[in-house]
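Common to both upcoming complexes is subunit A, partnered first by subunit B, then by subunit C.
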Partner chain A sequence: MLDFLQSASDGILFGATYALIGIGFTLVFGVMHKLNLAYAAASVGGAYCGLLIVKVAAGAPAFAVFFGAFLAGGVLGYLVYLTCFHFIPVSNPLAALMATVGMLLLIDEIIVHETDGVPLNYPAMFDDVMLRVGEFTLRGDLLMVFVVSMVCMAGLLALLYKTRLGLATRAVSQQAVAAQLCGIRVGRVNAMTFVVTGLLGGIAGAMIGASVGTLSPLLTTPLTIKGLIVTVIGGLGSIPGAIIAGLLVGGFESVLQQFRGVTERDLYVMLLLFVFLVFRPGGLFAPKGGRD
Partner chain B sequence: MDFYFGLAQIIGVHTLLGLSAYIVLLTGQVSLAQAGFFAVGAYVAGMLTVLAGWAILPALAVSSLFGGAVACAVGFPALRVKGLMLVIATLAFGEAVRLFFFNFDYQVAKGGVKLGPVGGEGFRQIRYFPEHGWTTMEVMLFIWGFVILAMALLWWFDRSRYGAVLRAVGEDELAAQSVGINLTAVKVSAMTVGGMIAGLGGGIYAHYTTHIEHASFGILLATFALAYPILGGLESVFGTVVAVVFVQGLLVEGLRFLGDWRNLLFGALIVLAMNVRPKGFLDAPALLWIGRIFRGRRGAA
Partner chain C sequence: MTRKDHPLLEVSELVTAYGKIEALKGVNLSVEQGSITCLLGPNGAGKTTLMMTTAGILKPRGGSIRFAGTEIAGRAPHAIVAQGVALVPENRLVFPAMTVIDNLQAGAYQRRDRVETGADLERMFARFPRLKERSAQLAGTLSGGEQQMLAVARALMSRPKLLLMDEPSLGLAPLVVEEIFRIIADLHMDGATIFLVEQNAHMALKVAQHFYLMEQGKVTFSGTPGAMAEDEVIRRAYLGSAKA
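And then the complex of A and B:
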């Protein structure tokens, strides 16, 4: 029982990063009704860019690395928008989807090329802190990951519901044409969505690097899949859904890893997804069908 | 010369994979599960020839049927969801298949050697072609026989009522439904045909490489399967072939002299191709232009 609680809580704390990746997918889908498959790769790419700071100024604090990853993620997000969505006609979703796949391969290969495929160490904060309650422990670095992720989500929700940009974003996601008629520049809102999700992705990538301890290009594919699963379980386009589903998938995965081993773990996560597809295809919080 | 025959084998098998995604794309469904059906076909055909001692043709027939059956079974739950949800569902299915074979052990001792798939190590010694003394050229012709068969089938579909129905569903589901088309039947049947072609391709793949492992059937292969018809264009089956030759012949083999940089260019070229030709290489105007060349000026008038 203690093992179960321990692995579940570790998983839920780590699941906060899945939630961030899931939000990135879901937000772009909500606004543009398109899938950005390059997102997880761009997030990991952002985290790598954060490491450049250590290269330039050796001994830079972990905080600086995270901040660098945050900014680099935003820049990469804008680049993905420019290369995969800006010039491709809206009426052609397949081309945009394929272009994001090309971008995924490109970012992946740039990382492999620059690091020779060797995993790099990633700095962490509070990794020597352990909160103990009897035999039950909470790892300090995982707690930090959880708190940072939650702060980012709160920031995103504030942006969406308290600012003019957020208002415009929500308007575009409801009815792009109507929003355009009201004088909202849809293209700019789309680009800003990519920048915002990119910022979130960069910090998510950094948090994953910090909690795993290393960063490797092998992370991109599983992260893409986990992020998409989180998006579906939470309901496409739903931000609270993505948060809850992210924590759920994190906990579920960690518990199964404890009891069934690391090679079978992901198989059960896929099964969880199929259970949702069959019994609740809209996900936990399916947004009500809008007019189109 | 054997090098070019080998390349032609790769192109042939990838064409089958691309065609399996092509027919599903015609109905407007984006399926990343084709690599999964391909893997099922590869393992089934390999086990039949190696462990059960079957001949190649019945083994390929069974692997094709198996791929179709799995695709049909996946089609029903997966097609409850639409559009981008389907991308994710099929992506997860493909990964689930790969992870299944990662954990799959089934070994039989034959003549003192243990044969059969072993989890992470994969399935070695699928040596039907070498054992029966087929040359590289014969294998290549064998593969292309199936490719031409599959292309002819899809080309004929395109000119039949069934092809029109497929495209109608792809263009506008609501309109198709309101003229009395059964959406589920059309989508699941397209998925099944796609699964059969992928299963066949997988069976052939297992025999020409002689060694299959779970890692070859990952998300990369699934995106390749999808990339061929999208890069080539959905107007004609020939688009898929053109795209396979472009990717496997030009990008993978032709750019080998670039060494490390080849992989970098690969992703960038896909991005570029989609920006410049969003409807694929062989889009409607391009086909019209080619048709004019073949028919001469009278045909154009």
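And then the complex of A and C:
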């Protein structure tokens, strides 16, 4: 029982990063009704860019690396928007989808080439802190990952519900024609959505690096798949859904890793997706109010 | 400033096409400052296409749209809103998962004068008390008539010089339709210029000073309500011309 609680809580804390990745997928889908498959790769790319700070100024604090990843993620998000969406006709949704697949592979390749395919150490904060309650422990670095992710999500919700940009973003995602009639520039909102999700992705990548201890180019594909699973389980377009599904998938895979081993773990995550697709295809929170 | 003898909106030889099919085949019409002008016509005549082209959602293939002396044909929707044109679209198109207040704020998106915008919000609530009662409710939960009022109020929040309305009575109960037309008449009393598309020709001709009949992408008749030809126009507005 203690093993179960321990692995579940570790997984839920780590699942906050999945939640961030899921939010990135779901927000772009909500606004543009398109999938950005390069998102997880760009997030890992952002985390790598954060490491450049250590290269320039050796001994830079972990916080600076995280912040660098955050900013680089935003820049990468904008680049993905420009290359995969801005110049590609709206009438051809498959073209944009394929462009993002190409971008996913390109980012992957760049990382492999620049690092010679060798995993790099990633700094963490509070990794020497352990909170103990009897036999039960909470890892300080995982708590940090959880708290940072939650703060980013709160920031996103504040942006969406308290600012002019957020009003425009919600308007475009719910009724794009009416948003244009209100004088909102849809192209700008789309671009800003990519920047904002990119910032979140950069943080997610950095938090994954911090909790695993290393960054590896092998992360991009599984993270893309986990992100999509979280998005589907949460309900396409639903932010609260992505958050809960992220924590759920994190806890679920951690428990199964504990009891069935790391090689079988993802099998059960796929089964979880399958169960959802059969019994609740709309996800936990199917977004209320359609587009039309 | 515009010269007084110029109409506020002047559409000439406007052509809009969906692929190879021309929905507007050279439309000519004008809307006078301070008037209610009504566009009648059967389904598929191109009325909504004209509204969407004027608002910039659809791009014309040719012709011109002059608003207050400025050419706006083919400009982006946000630029046209900035010029002072607002469209209440067909089927209302409210933001369903946003509150009534947020819908109205979205209508004022281009305005930076927070205090004045707040005052306008209060004016909307005074004009539409039902919206005030439901101000914190999601727009998708409103009735059809309330959603129509919200769509009108949202368009007014941009302080337009010209209000375009596309089928405001569509799908509403007769009593609600009467209320909508009372609102249109009120807005006109307060000095608004309104260009109205309607299927409900009887109601529209009661409020309008001028009307156009559109059939198969062209304006085929124009006049003032009460003229002799009204019965014929109403028949054609519902049924299309005899040759169709």
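Assorted remarks:
Here is the rule we go by: the second predicted complex is superposed on the first by the 289 of 292 C-alpha atoms of A that agree within 3 Å, B and C clash if a C-alpha of one lies under 4 Å from a C-alpha of the other, contacts with A are read in each partner's own complex, and residues count from 1 in each chain.
Convention: a contact is a pair of C-beta atoms (placed from the backbone, for glycine too) under 8 Å apart; a residue touches a chain by one contact, two chains touch by 3 or more.
Only a predicted model underlies this, so the values are computations on that prediction, with no experimental measurement involved.
Three-chain overlay on subunit A, with subunit B and subunit C fitting side by side and no clash. For the combined model, the angle formed at the CA centre of subunit A by lines to the CA centres of subunit B and subunit C equals 90 degrees after rounding to the nearest 10. Contacts of A:99 after superposition: subunit B is touched, whereas subunit C is not reached.
Of the two partner chains placed by the overlay, only subunit C lies in contact with A:183; subunit B stays clear of it.
By the touch criterion stated above, A:167 is placed in contact with subunit C alone, subunit B being left untouched. In the overlay built on the shared chain, the residue A:84 is in contact with subunit B alone; subunit C does not reach it.
When the two complexes are overlaid on their common chain A, residue A:175 makes contact with subunit C while staying clear of subunit B. For subunit A, the partner with contacts to more residues, out of subunit B and subunit C, is B. Our summary of the superposed model lists a minimum C-alpha distance of 15 Å between subunit B and subunit C.
In the superposition on chain A, no residue of subunit A contacts both subunit B and subunit C. Touching subunit B in their complex are the following residues of subunit A: 29, 33-35, 83-84, 87-89, 92, 94-99, 101-110, 112-113, 221, 224-225, 228-229, 231-232, 236, 263-264, 266-267, 270-271, 273-274, 277-278, 281. Within the complex formed with subunit A, the subunit C residues making contact are 55-57, 76-78, 81-82, 86-87, 89, 93-98, 102, 105-107, 109-110, 138, 140, 154-155, 158.
Listing the residues of subunit B that touch subunit A in their complex gives 25, 30, 77-78, 80-81, 84-85, 87-89, 91-93, 95-96, 99-100, 102-103, 119-120, 218-219, 223, 226-227, 230-231, 260-261, 263-264, 266-271, 273-275, 278-279. Across the complex, subunit C is touched by residues 164, 167-168, 170-171, 174-175, 177-185, 287-290 of subunit A.
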